[in-house]
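What follows is a set of structures for review.
Shared between the two complexes below is subunit A, which has subunit B as its partner in the first and subunit C in the second.
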Partner chain A sequence: MLLLFSYPAQAQEGITPFVAVDMSGAFKVDESSTASDRFEVREAEFSLAAPVDHIFDGMFSIAAHSEGGAHLFELHEAWLSTTKLVPRIQLKAGQFFLGIGRLNRVHRHEWPFISAPVVHKLFFGDEGVLDSGAEVSSLLPLPFFLELSAGVTNGFVYGHSHNAGEKPRQPTHYARLATAGAALSSEALVALNYLSRTDIANERMQLFGADFVAKWAGGILQAELWQRRITPPAAKKTAEQGAYLFTGFNLIGAIATGLRFEHFSVITLEDAFGRRVNNNIVALSPQVSYRASEFAQFRSGVIFQDQTQENSARKINRTFEIQLVYIMGAHPAHEF
Partner chain B sequence: MNFKSICLFLSAFFWTQTSMAKVNIVTTTSDLQALATAVGGERVAVDGLIKGSQDPHHLEAKPSFVLKVSHADLLVSNGLGLEAAWLPKVLAGARNKNILPGSLGHFIAAEGITAIDIPLTNVSRADGDVHQEGNPHITLDPERVIIIASALAIRLSELDKDGADYYQQRAGVFVKEITSKIPSWKVRLKATGISKVITYHKTLNYFLTRFQIEPAGYLEPHPGVTPTARHILDTISTAKTGQIKLILVENFFDDTAAKRIAAEAGGIRIKTVPVAVGGEPDIQTFIDLYERIVQAVEGKSS
Partner chain C sequence: MSIQKQSFNIGLVAAAFVLAACGVKEAKKSHEGSLTLNSASYLVVESNALESASDSISGEGSVVFVAPLIEDGNNFNLKFELQDSGSLSLIAGSDNKLLQGLTLTFSRNDSVLSFETKVGDTASTSQDMGGIDATKQIAINIDVHNDETPAHILVWKHDSTEELLIDTEESSASAGNGQGNFWGLALKKAKVAVADIRAATNEE
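For the complex of A and B:
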């Protein structure tokens, strides 16, 4: 390990090692807040990427997450990919974050805000869904951008799990269709997503979603809209949906600001008489960040969350968040 | 989708296919776009990723970049780490094995060029965004651009053998045009009496070094780091002791720090200059670009 850390960026064999450390803290602003009142290393990730040979590229990363105060390294991603076997096709196999949505495809330390929106937390976990399997994606040979991806993974577990899980009736399978366009100095990408898995108990989960990101000089607009349908073998189908919309822009120099709006609701929530129960989680999260360079960033923000449900007490959650991210080693990739 | 829409779609599709009868070149920078156009002429279709008015360091792997590179027969990149932050992602997204590094379809302009500003010791992030392999802004030197044009003509000849003579002839014309201008630029710059300048970034170092003008300082405390109050004070001192008469600010950077230094040190002229072909609407060729920088040093208004 020491030898790996002594490698300079873009070192021999084309290996690009880097370490990303993501520290964060969440603090109660009012008594009803569920914040941990704790600042800690949320995640420390060590990654290596390099060509394996003349055909394949490899990626390997381990990450230590804070889990109950302990930081234990675990395998994050380990995959092999190639664009050299089939024209216009990328093949990928191994363990990876599933290629759907926006946040699930981007490492958490690269997110434009501190913590996951409610809909992402509930459908993908605090960080994202990773699993072992294979993914194929193609940039179709058209005069405009149209990218089609599909993947199949074990599906023994879903989300961030520490158990082996059980063989599902239907493995996790997903697809994403993305298109993009540019106008003036801005560019936008929009995608439709689908994911499904049927577990050992024959409960089927389906995710339908759309993600959108637009960027222009010093600004970003990002949104995701998801609906989850769960069909148990002998019970009523449930459906939940949520969305977030984030906009951020540079204020002056290294200072940037942002605002996230989000909504979540259980569509099929009913009372004992089978009547639909209105329920909503609405949150507004302003933030400000200082970016010393592209390798070090400090961010702070407040989450104003309001949870209402017909015939239930209103829950208000005010949380103050801070985050410090730094990256050492290879130059981080500037992904769109 | 109605009949008209289908026709439009098919027209666009077949237009793309027929345009590929030419060598489809995609360049990372607008300078390389101008160079590929000059050398390739009618036998090539050239598209660039970066506008001349953009700072080439801080870009992202945009979908439009990926799309263009996916259709390329030849990718012309600068090298020396200029595109290191985003080009690998573009290449991965484009899924075009013909233009991957090491293939005939990927021409790196800096290969075969002697770089300047190579750090004498190992550098770290504490030194800013320093390129270990040397200063990547090679196309600001007319002599090096000549070398790149000749090398590009050879690469195009390998890709399109029927056009070998054509590319060599056009490269020859380009080289002749640039070469004929260099002596007069030298004379004019020498006549200005300006032997030292301060610039924002190290963008102009190749140009300045070629014409015996010393880059005496930079507004950035470290490459890629915006000017700090302390560094501005240091630079005011440098300007006074070095009797600096001119600050050149690349036109995609803010000139506020330059104005402060000029006001404090006194007797300093500030000129904002384009540093790439296309950096301003009327900068269409390398001769336009070099001429504009020469005029800036001379103090002529553009």
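For the complex of A and C:
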């Protein structure tokens, strides 16, 4: 660990170290909330990014996450990439957040809201899906922006796991097709996504999704829509679908506001009689932010979540959230 | 910001409320052919000598709860009594016949309560649960995080101490994952007074 904090006498030029600290708290507004009623350092990340040589760029980050009250450092991302071997193609290999969707490709401290939407939490975890493998991105030779990305990773685990997992029948593989342009007097990007994996028990998971982001001076509109299909080897196929829509805009000075709407449903849910069960999770989350600079911001908001399931008690969950994020050092350029 | 953009944002918020109103439905109808425990409907899967009342299930047999699980992580609140050499199993993530689930079994031997998990033919090592008097009524909360591999199970005493009794990450006592989205109970010389469910507690 100490080696990470000492540089050789003549440091490699262009190394940009930075530290990002994400502190957050979730507090019950009513008894049905599952909030922890605790404010803590959710994540502390130390990263280095630099050209490795005249061909490759490298990224290394370690992060400490709070788990069971303790903060455990673990490798977050470590990858090598290049755009100089094949024209119009970026190659990346190592451990990284899968290049799929919107939130999964962006570090959590850069999200425009405090916590993961329901659909992201269920399909990608509280932060995102990390794995080791390779990814290829190509800007297609067309008169407009169209980028195709595809990746293959080990797939021994998917999502949060505390062990090494087991070799899957089919590794995790994914693709994303993104286009960008001007919309509503703003710059916008829209993409289609696909991911699949078949685990050792021959259970196949498929994710289909679309993501959209538009930004203009003082505002952002972001949305994702996902459907997950799980095909077990000896049981019925299940399908779940969820989406979120977030809009945020500057109010005055460094103060901004935002609103996220979410919906989630298990499309194929049946009860023990085999009858379809209508079910919905709907949430509305207003928030307010104070952004002193791109290096420090404070955010607070409330989640109003309403969960209904036929013949079950309605669950209304209200949670108050706060977040403080600060960055020290030169953060690499943010994703659009 | 221009009036056009402000109007667009307000329109989005209004659309969000309309969609929220359309998305929420609530139907209240009873399940014919099912029994209830604390207002939760269940079906009897196996009945060797099972007695059902509105406030308890006792004897020997197994039941599956009618309402399916939505979440991958759930918290189960159980209050039960065991006769000597009796047991209560919580089966999480099973099909509607309680197959393909993750079975958590609490067994009594004299005053000692032991715990083991099982998925199919794979069983964990049985471990004694210190701090529990198996001769008295047992009240526990159980988190089953079926979205982790293997499922991560935590068991707390359901009293003012909320003492953590089992953490399968520490004891490697999780046998695997449930494959379905139902849950139920299997009783052997047991009496269950409370069995309800809510979302799993947040670990982070």
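The working rule: the second predicted complex is superposed on the first by the 318 of 336 C-alpha atoms of A that agree within 3 Å, B and C clash if a C-alpha of one lies under 4 Å from a C-alpha of the other, contacts with A are read in each partner's own complex, and residues count from 1 in each chain.
Convention: a contact is a pair of C-beta atoms (placed from the backbone, for glycine too) under 8 Å apart; a residue touches a chain by one contact, two chains touch by 3 or more.
None of the values given here were measured: they were computed from a predicted structure.
With subunit A as the common reference, subunit B sits beside subunit C without any clash. By the touch criterion stated above, A:A35 is placed in contact with subunit C alone, subunit B being left untouched.
By the touch criterion defined above, A:S138 reaches subunit B but does not reach subunit C.
More residues of subunit A lie in contact with C than with the other chain of the pair subunit B and subunit C. In the superposition on chain A, A:P171 makes contact with neither subunit B nor subunit C.
In the superposition on chain A, contact of A:A254 is made with subunit B only, not with subunit C.
Of the two partner chains, neither subunit B nor subunit C is touched by A:G58. In the superposed model, the angle subtended at the C-alpha centre of subunit A by the C-alpha centres of subunit B and subunit C comes to 160 degrees, rounded to the nearest 10. In the superposed model, A:I89 makes contact with subunit B only, not with subunit C.
With chain A fitted onto itself, subunit B and subunit C come no nearer than 13 Å, counting C-alpha atoms only. For subunit C in complex with subunit A, the residues that touch the partner chain are 1, 5, 8-9, 12-13, 16-17, 19-20, 23-31, 33-34, 39, 41-43, 64-68, 70-72, 95-96, 100, 147-150, 152, 167, 169, 179-182, 198-204.
Here subunit A touches subunit B in the complex through residues 8, 10, 57, 81, 83-84, 87-90, 137-139, 141-145, 147, 178, 180, 182, 187, 189, 215, 253-254, 293-295, 328, 331-336, going by the rule given at the top. If you check the complex, the residues on subunit B that touch subunit A are 12-13, 15-16, 58-64, 66-67, 70, 84-86, 88-89, 92-97, 100, 122, 125, 129, 132, 224-226. Those residues of subunit A that touch subunit C in the complex are listed here as 26, 32, 34-36, 42, 65-68, 122, 126, 157, 159-163, 165, 184-185, 201, 203, 216, 218-219, 221, 232, 234-235, 238, 245, 247, 249-250, 259, 261, 263, 265-266, 269-274, 277-282, 284, 306-315.
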